[in-house]
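Should a chain be cited, it is by its letter among A, B, C and D, assigned in written order, with residues numbered from 1 in that chain.
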Amino acid sequence: MAWTETNFSPRHAQQIDQMVIAMARLIQDGDFLAEGIGTFLPTAAYMLAKHTHAPQCTSLCPNGNTLMPGTRTLTLGHDEFATIPNASVWLDYVQINLMLMPTIFLGGSPRWTEFMRPAQIDPMGASNNVCIGDYARPVVRLPGAAGIPDASTAAKRFYYYTPRHTKQVFVEKLDFCSGAGHPGDKAGRPEHVVVLSNLCIMASGPSGRLQVTHMHPDVTREEIESNTGFALDWAASLQTNPPPSKDELALLNELVDPDGLRYLEALNSGARRDRLRQLLRHKAGDTP
Amino acid sequence: MDKRTDMQTAIALVQDGDRVALGGMTLYRRPVAAALALAARPKRDLEVVTFTGGIETDLLIGAGCVSTLRSCYTGLEIVGFAPHYTQAAHNGSITLVEETEYTLSYALQAASMRVPFLPMLGSLARTDMLQVRPDLKRFKCPITAEDLIAVPSLALDVAIIHVTAADSAGNCNMQGQLALDPYLPTVAKLTIVTAEQIVDTEELMAMRGGIQIPGMFVSHVVPAKDGSLPTSCFPTNKLDLSGILDYADSCKSPEAWQQWLTVATEAYQ
Amino acid sequence: MDKRTDMQTAIALVQDGDRVALGGMTLYRRPVAAALALAARPKRDLEVVTFTGGIETDLLIGAGCVSTLRSCYTGLEIVGFAPHYTQAAHNGSITLVEETEYTLSYALQAASMRVPFLPMLGSLARTDMLQVRPDLKRFKCPITAEDLIAVPSLALDVAIIHVTAADSAGNCNMQGQLALDPYLPTVAKLTIVTAEQIVDTEELMAMRGGIQIPGMFVSHVVPAKDGSLPTSCFPTNKLDLSGILDYADSCKSPEAWQQWLTVATEAYQ
Amino acid sequence: MAWTETNFSPRHAQQIDQMVIAMARLIQDGDFLAEGIGTFLPTAAYMLAKHTHAPQCTSLCPNGNTLMPGTRTLTLGHDEFATIPNASVWLDYVQINLMLMPTIFLGGSPRWTEFMRPAQIDPMGASNNVCIGDYARPVVRLPGAAGIPDASTAAKRFYYYTPRHTKQVFVEKLDFCSGAGHPGDKAGRPEHVVVLSNLCIMASGPSGRLQVTHMHPDVTREEIESNTGFALDWAASLQTNPPPSKDELALLNELVDPDGLRYLEALNSGARRDRLRQLLRHKAGDTP
């Protein structure tokens, strides 16, 4: 069931793969990997990392709310049937929020790694998942910030991702700040916030403002600038991300995400629902 | 003591204006049948408390039952925004209490401990959260003098939880995502459990995870096979994502929405 | 990562002056072998933290390892007083930090949450506890203005826990009385687990209760069959009450006590 | 293995049985029954009540730290082998102290019933388990108050017991207050504190002071007064406790406590150790 049947461009698909690979490479063996809800990109990256250089990582899976060693194949909302029976520990959210998160974030071990997806990001790497427009009468009410207010104010290092690098996402001023950014040039450190998009990787620079540190292959500075709503800094040591290796792509396409669910995150809402219907019909045995 | 009753009898005990917590998380083990029963009466002016809201919360908003919603996320995961929630927020027709994972967990833990608040590190002030939550009060630590935030205790009128299995005394087994469910019955005046199946206590104890909610905190047990559909209930039912898509599509017009509500409500009776 | 090591290597990491929590409760699942190893080096000036102290705490006091003891009860249950504890308190040779079940639970929970204190209801002031615990500070609730007590957070240098089984990565199964043990590794810089048996992760997960301490919080795993005797370790060993009586009898003279210590220490090597 | 072989008087044994029966009769069906550590008397009473009028009670057993329906036979420290495999729930002490106890004590349901054993009790029903003499340099350091400071300041109704009614236990002034008594005539209510001894039952009267409400059979007022270290009030409706029935005694001696472990609590420390050795030898198969 090829993605070419949707209006999703092969170039964008390639960029998504590049994002997953870049995320996976940021993971160190032994990290504590926090999965989000319906966040296929980071989950694909976690599984890829576990398959390759980071087999000792533990995942915290909200699909089942479990601690999980090992890997699994992404599913359309059925992950709990893979996680629950194989989990080492079952948790509730008081245990997570009053024990596990503070112990790891503030206690310092193991390293907490999580990729969060915000609706807006400002130049200091602060984020918004609450509303577009005025809070009291929003133009668009967003689902909510979940644990981002808690994690972003505790973390020493914080990862965001966005599969659609646009001026709507990268804004000079947030409509609401629900995720803390770099705390300022004195309090924070370089790379406090790292943002992965489909075009590039940005990280907090010496002043605290985001600067582009890596561009994905076949992306230009102009394309990044014209899709960013604030003036961008560029790292002196700007690099191009190495593309996925053949082995990495094979793992991704064969073991981790054969259905290409990671691309769902890059579609707009209408196209995503159409694609979901297609995938579900396909799973049910119909022709795609 | 046999606490079994039917859905109508149990739901009739919920009062207009009650603060009602809904168990489960986003699209997993949600009390959908109970939410439809609340909508059918209909109950009005509810304050819904849910760690993360999904279809059960959105349908209650769509049916006009909700005046206030406390959650840190309400949406349909990969299917997208929760339509009625999004619309009601835009219209200003419901009050949203902006929670984070920590604030809601702290508030329920404080209620469980019967203390008026729990202290949270002051760093949350680096976001705009405190501007929309004036009840999260900044204060000086009486021991270290550092800036802290007092998260007020949150007691409940009603907790409604769908569980994998229960016995007639109200002991409950839940598998997988426990969300905040084990704490809800300890802070609620009334706890209604809807259960995928009713089993003997011994069978319950032998299930994976055993008993997570002791029966002494449960007021009523409602047999409700498939009572979480289209959301999942491990290990009995998988998430029916087509059902969630149908729900989202139905919200595009008032007629389709009324039809969805009628069909769904009838399906549960 | 293989965290297995031997008792001597693990215990050598404990520093004189450390705040050391001992897992288990009174006469159940106590780290007796580890306590004997601490006594044998001997470690000095320890602050021992134990929900309820039993033979493991008393023998450390008898061996002169303890300068401060925090617990809400130290004794040998039906066998009677803990002899060295009772004597040391009478002599004033150790400092006792008078805890209650709540104060110690609150202090560890605060440490786990990384907040400087947790608020407790002010009614404890109806006892004399606050007179001997000036660190339990009275303050006004920032929300309700009622009188509350701030219980300061208690972080640990070392946690030593005897478990029913562990895998080489430090995941632990404990059965029955969990005491405060699941929380100790989250607030300790160093966590030493002594395990009745070392098993594969899958075998561990299949045991009743599964994994209660995730390996990521454990620093060292020491194989220690019978390492809790004469206290129990369900389901492997029953409490050996004769052994506890022998211990109590040995404390009646310095010679008998030295002999008990020598024999017990050798038995574990 | 008869108790007549010890220096324990048959009259005292009868009084202990009377105490167990009186405790059992204070239990209502559905109560939450908190067991102590090595407290054979209340545990015997709980089991007796479950066998008779209160089968729906749940026990919280520190021997295994579990919630337990059903009954068991008392053992010499091996109760966990009966409780753990049959428990409905396993708990840790953060769950107990931060959730279960406040929910039941202050939340109000089910009814919490617990019998605590203090070393000293004063006229208002306050108690001491911390020290005899000065706190800093005690004549006798006691084991500690465990949860009594917490429970006694939260409970609306509080039960103490002492198997040896003496002037050393019932004192005008405590050496240390580790358990709150009746809060005073305005704040408290009658029967706020109930104390069961081997001679009688006392309960908070209208002024808050303990008054004798029930005498055990064959006990005189003079005996109670001469063994109490403060001036005693006497309830207007003073009653004599009905003695154990034949059925109650049979249950106690055959199902609940065939080894007579409940009598251990009434012995002084030396006699108790001797008796323990005797019992252990007997269990090991030797003649008693």
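By definition in this document, a contact is a pair of C-beta atoms (placed from the backbone, for glycine too) under 8 Å apart; a residue touches a chain by one contact, two chains touch by 3 or more.
Chain labels with UniProt names: A, B, C, D = Ketoacid-CoA transferase.
All of these numbers come straight from a predicted model, not from anything done at the bench.
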item	value
Lowest number of touching-chain links that must be crossed from chain A (Ketoacid-CoA transferase) to chain D (Ketoacid-CoA transferase)	2
Chain pair with more C-beta contacts, C-D versus B-D	C-D
Approximate Å spacing (C-alpha centroids) for the pair chain A (Ketoacid-CoA transferase), chain C (Ketoacid-CoA transferase)	42
Interchain centroid distance [CA atoms averaged], chain C (Ketoacid-CoA transferase)/chain D (Ketoacid-CoA transferase), Å	27
Where chain B (Ketoacid-CoA transferase) touches two or more other chains, by residue	109, 114, 121, 183
Multi-chain contact residues (two or more partners), chain A (Ketoacid-CoA transferase)	90, 98
Set of all touching chain pairs, with the criterion as stated earlier	A-B, A-C, B-C, B-D, C-D
Sites on chain C (Ketoacid-CoA transferase) touched by chain A (Ketoacid-CoA transferase) in the complex	1, 109, 112-114, 171, 183, 186-187, 201, 205, 210-211, 214, 216-217
In the complex with chain C (Ketoacid-CoA transferase), residue positions of chain A (Ketoacid-CoA transferase) that touch it	30, 32, 56, 58, 67, 69, 88-90, 98-100, 102-103, 106-107, 109-110
Contact set on chain D (Ketoacid-CoA transferase) toward chain C (Ketoacid-CoA transferase) in their complex	37-38, 40, 62-66, 76-78, 80-81, 83-84, 90-94, 96-98, 101, 126, 130-131, 135-150, 152-154, 176-180, 183, 264-265, 269, 272-273, 276-277, 280
List of chain C (Ketoacid-CoA transferase) residues in touch with chain B (Ketoacid-CoA transferase) within their complex	114-121, 137, 139, 141-144, 146, 148, 150, 152
In the complex, chain B (Ketoacid-CoA transferase) residues that touch chain A (Ketoacid-CoA transferase)	25-28, 51-52, 71-75, 77-82, 85-86, 89-90, 92, 96, 98-102, 105-106, 108-109, 121, 123-124, 126-129, 132, 175-183, 209, 232, 234-235, 238-239, 241-242, 245, 248-249
